[in-house]
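What follows is a structure written as structure tokens; I'll ask about it next.
Every chain is named by a letter (A, B and C) in the order it is written, and numbering of its residues begins at 1.
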């Protein structure tokens, strides 16, 4: 049983189940990556783990505690952070205000956390008084990640963080994610750029039609010729 | 030189002072409409009646205070009664939210449903107000009538044209400035205010950040109710209170909110002044101003008026319609607090 | 048109209520309510065509009804020759030049090359120049016309035709206006459409109030000719006198009843025709497509339906029906009073009728028109009686009591609001729900 573990998940948005019994999990300090073809239920699995979708069958456990029935807000207070794929910043608010809103549930002094985020993403410190909507795509993703880090989560979940950014920005973002993992945070992310993501992954899950097809370390999956042929384009 | 000053005094008396006053009233009203739109995402047709309700409570308390011999002279007693008016209006808004709107919010009803609901509330409030205070004109301004009388101004400056400032006009503008400053301080400086902006900006992300929608909605109604009570009272103080006129105010208020960009508080305020000054500038008779500004004794023949005074209110409707058709997002882009 | 038992029962109750008023108050009161119920029902049918069939929120009902009223004046009032010779042709020329200017402005917007912005300013410049030209032409004419016996006429008068023709004309006026309004505003989101139509209807009323040369503005046009006999004439007719003697009615009362019944007969014919046509339209492929568009605009336009064009059709048709009802209302009143057009009474009340009756169902609209109008009128005596009863314990000279009794009439506004909210909450599809497809 890992620190965050979704076990045999079934569910969807009403109608037929999209998730057909997949299991994903991640330990503290680890990076776990979920990859797979379009429509495999990757994002759905993330939403199920975070409670934005009710799971019909199966369970989600955090640190040994069953959280399957909790709404997203309560999962946030338990130390889970989520970065959605789209609309993941408050565009009309400044960078600093975005981070402040990330810390909304905290009643203590969060300025040290904000400094940590600024040292992780120095460009954000420069643009702290600019509306997030005016930033570039890569910078916005940094704001989005920074916002989620403001609660000092023990698990950070990212839904396709590199969607729509340039390869250079992607590499940099992955470097930052590795840095975040090194501080002992569990990272679970969905990625389209499967090869690059698996390169930094401690653990990889290949989902097909809502089920686990392959589960192994990132390295092993990259080495597996079948996985390479079917999912990584040779 | 004196001629120019006379022309300015004339404009000041008939355009600038009334424009600032009416603009402030509209701005406060539009701010309320915009708040509801930004957070609850519908156009509240009942806002004019909400203002009327607030003014009514204030008037009732004012009468009671006057009966007790309490006075705030030289300022109007209504200012003392206003806090009660605000509390009453806020409670009314929260009650309607609890018993009417909340149910539909949970159903995630379409915006037009809320609009129809607000029409229902419009009926209830207008009936209630007329039932309690009656449909007649009520003048409840007391205290000193003028800050500056036209004659005093003439004596002071030696000009031919007088510039009068009524106490209610001064009170309106000063109160509006204070209220607007408070609102902006709240929205930009406080944690709760920022959470409101966040909710208005991106509802889902606000949820993920642990912002409670129920709390945001309640605070929105509290602010809207307070704004409506203040705006309604100021309008009534300045122009006399008549329940009937408040329904007519809804359109100029919508016009102000939409011209500035619905959902944008700064836009609502500027929209209020755009509307009030357009109304006055388009229907003002420039005859005497031109006479002062041209050399010699030449006086223009007609009134030099762009539109007949009868069409004053229609100006705001025309602006409203034009903005909706040409740039529905308003002069400042909308949907953000 | 399968009338089920429930619907028959609902209409029977409505009929019984009217009869009860006839017995308790008087036949005249009951018939007066009935006539306005009929007109309200037609107006409601018009709004239902727009809202129920197509989901368009038209908050400009008042404006279209007033245009219908204008038609009644223009068609039926005898022409005022002095006013015509004083400035008639010049006024017509002025209006024509205004129309020409608007046309030219639209043409500029469409045809002149350049960016949106330059075209916009060019069109605005053309329009403003046109308006100045129009004012230049029309102002002296208006002055001259309004100077002709201002206490009695001061306007051009009408065509002197039978007033029944104005019902068609009223529909046409409203349809024409709706075409223009729809053309420019139907692309807007639902709540903006509501605000825009509300604004435009206010502009129409302003116009009617202030352009005295057209229909006397706030000075009102009195004594429009009637499509039915006058009471005075009836009272001198032998068969009426005999009838009154046979049944023991007073002659005055009986003549008034006959007049009201004649109106009711005419209105029922119109209501039946409009209802029949509306049902035909709703059940035709056109009506089915309308509802398909209403239920899923995106899917419908993806299937190649021209949504905007369909919306324009339905907007024009519905407004024409409202205009027709507006002309009928002015006919019944015999007087055109622009100042009496208030959004609460002419727009929002009609909306309450549509929603309470059942959006999308024509029979429901008729019932809604009847029920709401009935209670709009009867809420006053009922409210008064209720308050008199509730305050009967108080001293006769109690200030509070006399205040409450004095203002009891206003409770009807609140009643309408409560009814609307209750229906929306507990029976959102109305008294007679739309039949599912």
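Everything below uses one rule, namely that a contact is a pair of C-beta atoms (placed from the backbone, for glycine too) under 8 Å apart; a residue touches a chain by one contact, two chains touch by 3 or more.
Here the structure is a predicted model, which is why all the values come from computation and not from measurement.
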{"item": "Chain contact topology (line, ring, star, complete or other)", "value": "line"}
{"item": "Innermost chain by mean C-alpha position", "value": "B"}
{"item": "Averaged-CA centre spacing for the pair subunit B and subunit A, given as whole angstrom", "value": "46"}
{"item": "Approximate Å spacing (C-alpha centroids) for the pair subunit A, subunit C", "value": "59"}
{"item": "Inter-chain centre distance, subunit B versus subunit C - centres from mean C-alpha coordinates, in Å", "value": "31"}
{"item": "Subunit B residues touching subunit A - in the complex, by the definition given at the top", "value": "191, 194-195, 197-198, 201-202, 204-212, 336-337"}
{"item": "Of subunit A, residues touching subunit B in the complex", "value": "72-73, 76-77, 82, 84, 87-93, 97, 100-102, 104-105, 147, 151"}
{"item": "Subunit B residues within the subunit C interface of the complex", "value": "42-43, 100, 103, 110-113, 115-117, 119-128, 130-132, 134-135, 247, 251, 254-255, 258, 308, 310-311, 313-314, 317-318, 320-321, 324-326, 328"}
{"item": "Residue numbers on subunit C that touch subunit B, as the complex places them", "value": "55, 57, 120, 184-185, 188-192, 194-196, 198-200, 202-203, 206-207, 209-210, 342-344, 348, 351-352, 355, 403-404, 406-408, 410-418, 420-421, 424-425"}
